[in-house]
Amino acid sequence: MLNKRKIVNDPVYGFINIPYPILYDLIEHRYFQRLRRIQQLGLTNYVYPGANHTRFQHGLGALYLMEQAIAVLRLKGEVITEEESEGVMIAILLHDIGHGPYSHALEHSIVPDVSHELLSLLFMKELNRQFDGQLNIAIEIFQNQYHKKFLNQLVSSQLDMDRLDYLRRDSFFTGVTEGIVGSDRIIKMLTVENDELVVEEKGIYSIEQFLVARRLMYWQVYLHKTVLSAENLLVNTLKRVKQLSAMGQQVFTTPYLAFFLNPPLEISHYINSPDADECKLLLDNFALLEDNDIMVSAKVWAEHPDRTLSILSSNLISRKLYKIEIQHDTFPLELISAHKERVQQNLQVSGSDLDYFVFTGVISNNAYKTNDDRIKILLKSGKIVDITEASDMLDQSVLAKTVKKHFLCYPKGGGW
Amino acid sequence: MLNKRKIVNDPVYGFINIPYPILYDLIEHRYFQRLRRIQQLGLTNYVYPGANHTRFQHGLGALYLMEQAIAVLRLKGEVITEEESEGVMIAILLHDIGHGPYSHALEHSIVPDVSHELLSLLFMKELNRQFDGQLNIAIEIFQNQYHKKFLNQLVSSQLDMDRLDYLRRDSFFTGVTEGIVGSDRIIKMLTVENDELVVEEKGIYSIEQFLVARRLMYWQVYLHKTVLSAENLLVNTLKRVKQLSAMGQQVFTTPYLAFFLNPPLEISHYINSPDADECKLLLDNFALLEDNDIMVSAKVWAEHPDRTLSILSSNLISRKLYKIEIQHDTFPLELISAHKERVQQNLQVSGSDLDYFVFTGVISNNAYKTNDDRIKILLKSGKIVDITEASDMLDQSVLAKTVKKHFLCYPKGGGW
Amino acid sequence: MLNKRKIVNDPVYGFINIPYPILYDLIEHRYFQRLRRIQQLGLTNYVYPGANHTRFQHGLGALYLMEQAIAVLRLKGEVITEEESEGVMIAILLHDIGHGPYSHALEHSIVPDVSHELLSLLFMKELNRQFDGQLNIAIEIFQNQYHKKFLNQLVSSQLDMDRLDYLRRDSFFTGVTEGIVGSDRIIKMLTVENDELVVEEKGIYSIEQFLVARRLMYWQVYLHKTVLSAENLLVNTLKRVKQLSAMGQQVFTTPYLAFFLNPPLEISHYINSPDADECKLLLDNFALLEDNDIMVSAKVWAEHPDRTLSILSSNLISRKLYKIEIQHDTFPLELISAHKERVQQNLQVSGSDLDYFVFTGVISNNAYKTNDDRIKILLKSGKIVDITEASDMLDQSVLAKTVKKHFLCYPKGGGW
Amino acid sequence: MLNKRKIVNDPVYGFINIPYPILYDLIEHRYFQRLRRIQQLGLTNYVYPGANHTRFQHGLGALYLMEQAIAVLRLKGEVITEEESEGVMIAILLHDIGHGPYSHALEHSIVPDVSHELLSLLFMKELNRQFDGQLNIAIEIFQNQYHKKFLNQLVSSQLDMDRLDYLRRDSFFTGVTEGIVGSDRIIKMLTVENDELVVEEKGIYSIEQFLVARRLMYWQVYLHKTVLSAENLLVNTLKRVKQLSAMGQQVFTTPYLAFFLNPPLEISHYINSPDADECKLLLDNFALLEDNDIMVSAKVWAEHPDRTLSILSSNLISRKLYKIEIQHDTFPLELISAHKERVQQNLQVSGSDLDYFVFTGVISNNAYKTNDDRIKILLKSGKIVDITEASDMLDQSVLAKTVKKHFLCYPKGGGW
């Protein structure tokens, strides 16, 4: 259907084509449309005001890169049928459809037992039902059950189109331009060897740069201390809501947030139900949960009689964040106690409620692992080696080292 | 206070400095922080998915350009004191602070009697009260009561920093790159003559390009037919809510939207009250009204028993927009009737409710006017003339001609 | 031949593919390689130091756009065979191969009777001979003798790939960013109707912007007064060399410039000779004439005993340019005489030699003509109209008006 | 002098101001103007066709960054007087003025005994003479004899403005966008501690990215195998010219190249002469030696009776480069002999002349050294440490390791 051919403007890549009608239908579906109202980076815009891009944009961007990758691999002689091409594009388009609002925070508070990966799969299956099996191959690829393994690697691996897009997109919208990844060049150097996605030898330097740019983005953006502070403020706010709710207190929520705060039945019930309609009920509710539900609720909570909740949520709304300290060692207990004492006096909060205001935690970057999922280089000799072996610079022991840091949060200044 | 010196990352300009502590305090104020959750272009992201930038970003961007402009004018010998520099920067930072969510739509439905310009002024006055008169000069400049007229022109005129920023920013985030305005070059060519902001003669071509890029942005973005369709869907949804509410029906709204849907007293009462606290009450409520209030409410309305409201709002959420036709002439009444008949059958809606589904309207671009607010060119001869006189290309009669077009909206396909 | 597949890095577009082996062979040919040493904009880098891009880059860029255009047209159902695709790509790649160094200046001085268009054709024919007829279709298209007329329009018309590339490329390298043309969007909106290249109606605003950006580039870059001054200095230098040489004086030139300064036979003899080898002799010599021949010679001329030549060329090398005035009216003869008198005293030059130092001229922009070569818009109604008819803004009388200006050049300050 | 204020367009940074009149005068001087005709990256445009930027542009770019750096340091409270500001800007503007055409190649062939650093200093001294001592401070800074050591570090150190500009500029014009260095961010994080240029702790990730981007640029651009091949072809061509000339054979050269091929007196004589006019004679000649002298001469050499010279230079002109192989180990002598035998047969060249066609060499990257010139990080604790100590990722042993590779060049295919 030619009238379903569509071109979308994208500030990052220019124009994005939607090559198959089914892709267009999926984008039009309300399950996907909701991603327009879910920001890719949550509260990161509290630090980088430009970071308002959505998961909708990221889905389209990953689709764009997938189209490039398929064209490159075909040009190098790899056979990819039209069905496979469509399937792998559907898989990448929908790979993040299971993300909820402020995913990271939500998964640490209200819905701890529902991973976005699982939800993505459930959404795909439901969409497959609605579209009469047109997503069969996509789902096989997504679950790595398709016989051509490299198609799954294009969707989910160290060099998948997901990662290439989000790193580039996040650096674009945050304005951290030196985090730019040469996605074009990397894709041009991909090839398939023994059903495995590998990089041609001359791509070594691009891969090195990719790994370092990723690292830069981690510390400069994803684990930026002020972003951490904001996310922890949101997590604590949501935890308090859940706690109050469990204690039987009335707490305002928008209807769809309410479903997850007090689900009629266990969430796992819906997920595991043999009745597709029960799962659909869960998905339909989840599909209405957006960033705006959290933020509207927080504005109402700011006037809640519970002192802890009102302080947390009004600060969240006004961007009055915790002071955060980060260091390699753990923080001494006396320091934590001293902060708590100060808060107790200043904010008239006490007991275990103080943990909402003064707390420690641990962060670690997503280091390059050398066990299972690796970036493979195809040497001119025909040998395939890991990037850490092929590179002069990347020392495996350094690269694979997970850097772990401790942080301490407490209210700024005279007690907020 | 050096510790208030702050640098913000911006994808458009790179780094933005916050040169005065008062600017930093104003940005931190919750009145300004709310702009983080108000998108600059409302529903335009339904057409250009990248257009998620906020009024917060625009405020900072206009501030950045103002800093450039002041530096340029000072270099050319124009005396601008530190107080004036601070004042004009405050004025540009806050010039749009009175915008509510989806301003355009809101002003056509729920709060028709409150202009954002007036609200911006009220916010400034309240902030001036809170900051002990530090905004005095800014308010004078904003109201064009300051004795140096060109300072007001930097804030509000055909070539103000507001316009230069939003055109450039909107083209950046929509991805309509050819709408880029040479803001750098234009600012470099600004000068002051007889207390009036003028452009040096060699800037003529840049101004021509500016006027045409603006025009392109109007038709390609601001008045894009699908954007119009989406905005009208929102306007009609809100109108229906107001109508139902006026008829005494229960309609869910978030608390702050409720204040404006059914204000305790007339809005004008708060505005005109001699008691500053009454006005503050209005502002405090307005300051909590954000994009998220509209979208969350719409999701709830989608299940409202009123058929018209539920259809409109569920379509709004799922981006199922009106089909829209645009033409130079009015649409024949028979055509409109035919569409209404079809809708009546398909959607089981009747009577005056049909006007929510089938309707016409008029749009017109913001043409360059030659009466009062003009772009002045300083010729090398010392003479000052209007750009339409200085330019070989820009025919005044063409440029000043307001183009008016008619549009017709109706549900797509088999009746939505 | 897969090993001839090649990807070239381009700062403007990213990666450029060379899709056919014959294209690769042509690029490798020394006739084309010489374009690496011929700058696209001649002495424009005297004003815009970034403008050092070459005709080699432009050829590749136009090829890139052609590949895009063919893909778009095919997607819209236009049949373009592989032979035609290859042919039209060859034609655009080679369309400027006949340019010599500082073409504009050279055509006004040393080789006034040889147009670059004719030379491009001769080069193509000779290459066709060397490549056994592989350029047959390309030559037919280039000469507009091929039965599908729109293929020629892609190479040479108001919206050809030549123009789209050079406008974008020139604005990129000069840094005049607001001259950027939305080549992507324009190409996406091209279609073929009745064997004619037309633009879809929704592309009107892009075309308006294109015409204005082009206009901006003319006055801001191509006809920039300092560029004009530099070019006239070069023209006069070359004219003086030719004059001295005609008078029998010894003037140094590099060997290949010598061939054209004093050709063994009339240039027209080689061009019109029925013996292909005679023409090849001309081409082989021309193919060795590069920017460096002019600049090296000028450095030597700076020490020539002829006072006029040495002044002109040493100033050319050191970028000591004429002062230039531009106005709508002609310059009064007395003014010219006064300048000449001053020069006569200061530089000890007299008689007709003074014309090398003080002179007037006329420039005019390349306006949009409405007679033959027009930009056609395909209205939704199916009607095809000229852009000046379809556009609200572009007044035909204004757009088609050739703006003519007079300039006066004379040595700066105390006489150079 | 206000009329000497000047703004230059730059594709990389937008607008570049020339803040002091003396800078403007130096730029106008023919010693500096010649840099317009000396490309920054020599023959690199044989691989990256966009890399035609000149040393003139680089000088202005480094000046721009210096202006930024001074503003940042002053804002942080570092006292930099106007004289020092002017001095350090002159020093960075002129730091590369001693570069000749294809410096690298020239220094390996015709003028092996003249380093560009020494020539830069001689040019500065001569200009200081001409400008009556206005360059005194600049020269002191350049020679690291000025009492504020950090000013010299801004001109010449691991993080000097030279390096920051050329890395960014080279990545821009080659199109290797992922080599982009966050020069803005790095400069924002510079500070001075104990008269030493250091980087604030939060800049660690930017420095890591800088070091890796630099590394990428080395292998992807500066040491690209095809660039190496081209440069070696040029070196061999020039060596052959020198050899023939030494043997008394007539070889065409442009006049200024002739001066250096057969200098009237030893070059060292001019350099060390107590008579400034003798040194000036050398500089005046050197100042006329540009890229064009090499290329014009090469075109003439292509027809020289010496077979070796004509083959080398005609291949240079037509970009018919050596095949080059790179590996970690040395190449076996038998392989080299085999290639030579083949060349002897195919090209009829013999004896030691074969070394011009088949040869090996060694390359190594410019690793980060940890002995003297180091990047220092100012920790929040106040301690200053080396970046390799401050960084989790950068292993000193890896980073400081000079990677050495061997290459082998020989004619392609059937013997050229």
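A few points about this structure:
So that you can tell them apart, the chains are marked A, B, C and D in the order they are listed, and the count of residues begins at 1 in each.
The rule is simple: a residue touches a chain if its C-beta (ideal position, glycine included) is under 8 Å from a C-beta of that chain, and two chains touch if they have at least 3 such contacts.
What you see is a predicted model; the values in this text were computed from it and never measured.
The most distant chain from chain A is C, comparing centres defined as mean Cα coordinates.
Of the two interfaces, A-C and A-D, the higher number of touching C-beta pairs belongs to A-D. Inter-chain centre distance (chain A to chain B, centres taken as mean C-alpha positions): 32 Å. Centroid to centroid, with C-alpha atoms defining each point, chain A and chain D lie 44 Å apart.
One simple way to say how far apart two chains are is to compare their mean CA positions; for chain A and chain C this gives 50 Å.
Taken residue by residue, chain D touches two or more other chains at 14, 176-177, 185, whereas all remaining positions touch fewer.
Within the complex formed with chain D, the residues of chain C that make contact are 8-12, 14, 28, 30, 33, 36-37, 39, 45-46, 48-50, 52-54, 56-57, 60, 172-177, 254-256, 288, 290-293, 295-296, 299-300, 317-319. Contact residues of chain A toward chain C in the complex are 5, 7, 14-15, 75, 184-185, 188. Chain A meets chain D in the complex at residues 176-182, 185, 205-206, 208-210, 212-213, 215-216, 219-220, 392-395, 398-399, 401, 403.
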